[in-house]
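Quick heads-up: structures coming right below.
The following pair of complexes shares a single chain, chain A, combined with chain B in the former and chain C in the latter.
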Partner chain A sequence: MTNLFNYIDRPSPIHRLTGASKLVCLIAWSVAAMTSFYTPLLVALTVAALVLFRVAKLRAKDISFMLGIMIVYIALNNVLIFLFSPNHGTELYGSRTVLIPLPGRYDITAEQLFYHLNVILKNACTIPIVLLFICTTNPSEFAASLNRIGVSYRVSYAVALALRYIPDVQREYHDISLAQQARGTEMSKKASLINRLKAASSILIPLILSSMDRIETISNAMELRGFGKEKKRTWYSARPFSKADIAGMVVCLLLVVLSLLLTYLNGGRYYNPFMK
Partner chain B sequence: MKKEPIISFENFGFQYTAQAEPTLYDINLTIHKGEKVLIAGPSGCGKSTLAHCINGLIPNSYPGKTTGRLTIGGKDALKLDLFGLSKIVGTVLQDSDGQFIGLTVAEDIAFALENDCIPTKEMHEQVEKIAELVDVKGVLGHAPHEISGGQKQRVGLGGVMVGKVDVLLFDEPLANLDPATGKQAIVLIDEIQKRTGCAVIIIEHRVEDVLYRPVDRVVLMGDGRVLYDGGPDELLCQDLLPRNGIREPLYVTALKYAGVTLTPDMRPSYLPELKLSEEQKRQVHTWFSQQPQAPRPPLGDVLLNAENIDFTYAGGHHALKGISAIVHKGEMLSIVGTNGAGKSTFSKVICGFEKPQSGVLELNGIDLSTLSIKERADHIGYVMQNPNQMISKTQIFDEVALGLRNRGVSEEEIRPRVEEALKICGLYPFRNWPVSALSYGQKKRVTIASILVLKPEMILLDEPTAGQDLKHYTEIMDFLSELNRQGVTVVLITHDMHLMLEYTPRAVVFNAGQVIADKSAAEVLNSPEIVEAAHLKETSLYHLSALCGIDDPEEFTRRFIARDREVRV
Partner chain C sequence: MKKFSVKTIVAIGIGAALFFVLGRFVAIPSPVPNTSISVQYGLLAFLSVVYGPLAGALVGLIGHTLIDFSNGWGIWWSWIIASGVFGLLMGLAAKVLKMNEAEIGKKGLIKFNIAQVVCHLVCWMVIAPVLDVYMMGEPWDKLIAQGLMSGIANAVTTAIVGSLLCVAYAATKTKAGSLTKE
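What follows is the complex of A and B.
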């Protein structure tokens, strides 16, 4: 079964960083990458991301499923950009270098291709970092990390619990669906879409009812052990920041500053190689 | 030394806001420091409500009206909030899965400490200590699905013990455990109590299993009142337990059938110390020789034939290793074994939910591998453990009709067939009711009716009596026996030893993906090797017959069961 929180336990310097500092780095890195279209910076970040990926001892096959989804997403994103605004690059960079003339407004221009390159780079430098965070952060540390960066511990715990129950609920959905199929509810592709939706609803009712039971039990268990008593709580899995944590966060925050600085010096978000 | 009370109910009553009648009436009950008390009673007697009053879920989570006084740890419990009470009373809930909060064993034990803002370093030390006490030190980093049911319960216990409470409250600790693990749980509770000096309250209707270790006092509840409050030996000399829908220990019942008069000084509540005079042993002997030989029902033709079934899950878990088993027509059979022994996987293979890699599976000589899940369901009905997982319609009639409607049967034909199934299941008067108005046991019947309506030759039930008290258990099982008499073949997957002894002449025992025994239930339970491998528990009748010098404990068990069923009918 695919696990959303695909923690891969393989000791590495990245694994040793605390969840909280990794979360700060992830956010800072994304902000730096999202605010800027400064191509050299994006290239540098992409290269750095791939290096970090190696440092964390992750392999392509560990993340093949998520990687597949991301590639489809990036491809779709680019195709749609081209379909709906094939001249976006020309407008941005203020010049028009036609490489391959095509009918209508669909000329392929160097500016448009360069714009696409930037979009791809932005994805390429953030996605590995998101995967890196997911694969190297122990789920136990997740709630503690959220709490540490200022999210209320109730919300943090709720998120962590929801993630924890996903596999259970998946298993239960599977069991219920089999029992329904045994009674003749057709759920395969043989049935029409409407019938399949109806069939899915016949699984949802028992799934919701049994989830409600589960929620009642867990919330009683939590209250009986004092959850929600104090304004704060401590975490078993919390770890103090090490020098590496501080260094990582400082570097990532400097990236944000660098990104903003480049935007300012460049006089705009877009690095423009077409300017004469 | 005068015993100091820790919990005391004085003329206490409680009524849930949503209910018309009070659940508890006029309770007067005192529990002292360091005492070990069993609170027994049938479902709906108010014992869980009493537990909720002790741990503060009442009135904090379940509002209602209270009368009288409840003092816990010298304070007015009704004025304490849940958190204040949780410092005094630690509760281990029935559902050891559901109460597992942390992502790992260590975090779960630490949960209460985290909420108390204990610094992380100190927390690690305390968790270490507690883990040693409840013996889970080796699995601290494991996730809940990586440990056994018994270990989960130990973790649950550890999680409340970190709070240094004065009272440990166990709400039906045996409900989700196999018999052998249940036995260990009772031993653990006993050891923890001796080591910490906590007061221990065990809420449970399986009296014999709790009495595996001595208790100081038994409180029997019925209809919201305390019916008995005193020593266990005195209680067993009377017939209060069976009269109130609680099964007394089997050896006690056997002694009573044999005409032995029980007195408290014989120590009837603790089998290892039970004292019988030579005269009384002779009485048991005479009773045994006078009972007619228990009948052994003849076996019918082969209905389901499984040969060398081998199955490995996609993840690589080799769940079934060459299973061969036969189900005869008209038979009532139990499949027993530990969690993970392969019982559930085997039933999934039979229903077609999983496809075995090799082996033959035939029904009436027809190869099942060619049939789809839906087609198999016309012959083999599968009833899941939790009825809430099966019921998908809001009206009883629609729920039972679902399978027929899916098969395109006409409405004119559906009505009589559904009504017939409802009649068999005793639900006809409720046919126009919504499902939500039914009790758990009635919902179970709805799910059975919804399977019966398809007229399968065989029904397969997963733990049909889990979590039921003696009354509901008897209702469900008598109903299944009646179905069986009408010709339906019934296969039960169960942990319950009474169930296999009383209702199923034959038992197939699974262990680690293999069939290790296929014998009569009495033979299985009188064979120490099988009992140990399958995590069952020897019946106390085995010990009683040994004590009385009866050399055929199996036959003794069979005659006892035959007699017991006559008496109860």
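What follows is the complex of A and C.
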């Protein structure tokens, strides 16, 4: 439970960056990777992401579980894309080079394979950065970082509350679940889907109604302490920006510019090696 | 920006925590890969009706982001945004249809369910696929299949879980004019 968000405390240059600058970098990086289908840029971003992993001193062992989920996810996604649209690549790149003829519309074409490569690269250059952010940012610094990048402190505080109360809600869920099981509610795989949904409801209702009471209690306590009276708020875990923070943010924002520039120069989002 | 009341802020925080716990630990796998039947949308619909559109939108956004953070399959902004929009639309629908969570009768339940089905269709069949096509460049057919599957599954679980919650919550509230003069 203590490590639900997979934070790994280890001294490294990436860990020393403030949460706020890492958040800016994460968002900029995602935007750069999402807007572009320029293959060389995606390859470069993927390589850079792997290098950053080394810099953060993360080992394959730390993230093997998440890596497993990620590989299964990417594989399923690609199988699904191929099943539904085996000719998507042909449509995108405007040519058709059949490599292996197969019955029906399921010919394997070079264009389709290239398109799949792009999809995989797109995942491969964003997911590691997300993992990096999760593994190197202390959850309690997260709310302070949101406030730092301009989110109103009331909303940031809601995020902090969510992080604070997840363990409590989880414990309560577990307690209610045990109580209902003691009363004979079946929710293992043996029960049918409908019965499992019903069983879930018999836990949800007490859980949510007691949470509504909790909302009352907490908001009264906060109101008594004068929450929301001032325009600003300080955060215990906030840290000032260092030079490395500023450098990191500038590099990541330049990536966004580069990605947009390449799309513009390329005359479209798709890098097309098939066009003569 | 409109100032939130302290109660709304707390409701967003606790709501997102509930959304997270339900989504992370109570997910029931569905036949279509990468898509699970999630009971948390029943909760989201209910909270949006009680606390309004902005609270609903933020519960969806924060809760879904935390789920993606914790699962390690990357952050899927398109689906996170769709969750937020669902909360927003449900909250707006509750205002427009004048749903009153303290006195939800048969009529209220019908309104609630029509609203939630429409909102789910808009979110999973329009918003999530359109954003995915634009951001990830994935083919339409596949996204529509995923969207249809999760849209229907979410609408069904919302119909069961959300309606039950509304009825149970209404039962705990004192109704207007419930006192009679002796």
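By our rule, the second predicted complex is superposed on the first by the 269 of 276 C-alpha atoms of A that agree within 3 Å, B and C clash if a C-alpha of one lies under 4 Å from a C-alpha of the other, contacts with A are read in each partner's own complex, and residues count from 1 in each chain.
One rule holds for everything that comes next: a residue touches a chain if its C-beta (ideal position, glycine included) is under 8 Å from a C-beta of that chain, and two chains touch if they have at least 3 such contacts.
Everything numeric here is computed off the predicted structure, so don't read it as measured data.
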Checklist entry - For chain A, which side has the bigger count of touched residues, chain B or chain C? => result C
Next on the checklist: A:Gly184 in the overlay: touching chain B, chain C, both, or neither? Say first, second, both or neither.
Outcome noted: first
Checklist entry - Which partner does A:Ala238 contact after superposing on A: first (chain B), second (chain C), both, neither? => result first
Next on the checklist: Quick check for you: in the superposed arrangement, does A:Ser140 touch first (chain B), second (chain C), both or neither?
Outcome noted: first
Next on the checklist: Between chain B and chain C, whom does A:Ala160 touch in the aligned arrangement: first, second, both, or neither?
Outcome noted: both
Item to check | Touching partner for A:Glu230 - first (chain B), second (chain C), both, neither | outcome: first
Checklist entry - In the superposed arrangement, does A:Ile218 touch chain B (first), chain C (second), both or neither? => result both
Checklist entry - Can A:Thr126 be said to touch chain B (first), chain C (second), both, or neither? => result second
Next on the checklist: With both complexes superposed on chain A, which partner does A:Pro11 reach: first (chain B), second (chain C), both or neither?
Outcome noted: neither
Checklist entry - Touch check for A:Leu209: first (chain B), second (chain C), both, or neither? => result both
Item to check | Intersection of the chain A residues that touch chain B with those that touch chain C | outcome: 160-161, 164, 205, 209, 214, 218, 222-223, 227-228
Item to check | Interface residues, chain A side, partner chain C - complex | outcome: 4-6, 30, 34-35, 37, 63, 65-66, 69-70, 73, 76-77, 79-81, 83-85, 88, 92, 118-119, 122-123, 126-127, 130-131, 134, 152, 154-155, 157-166, 168-170, 173, 193, 196-198, 200-201, 204-205, 207-209, 211-212, 214-216, 218-219, 222-223, 227-228, 269-270
Item to check | chain A contact footprint on chain B (complex, rising order) | outcome: 55-57, 60-61, 82-83, 86, 91, 93, 95, 98-99, 101-104, 106-107, 110-120, 123-124, 127, 145, 159-160, 163, 348, 351-353, 373-374, 376-377, 381-382, 384, 386, 388-393, 402-403, 406-407, 450-451, 454
Checklist outcome for this item: Per the touch rule, the chain A residues reaching chain B in their complex are 139-140, 160-161, 164, 167, 172, 175-176, 178-186, 202-203, 205-206, 209-210, 213-214, 217-218, 220-230, 232-239
Item to check | Of chain C, residues touching chain A in the complex | outcome: 1, 3-4, 6-7, 9-14, 16-18, 20-22, 25-26, 28, 33-34, 39, 42-43, 46, 58, 62-63, 66, 68-75, 77, 135-142, 145-146, 157, 160-161, 164-165, 168-169, 172
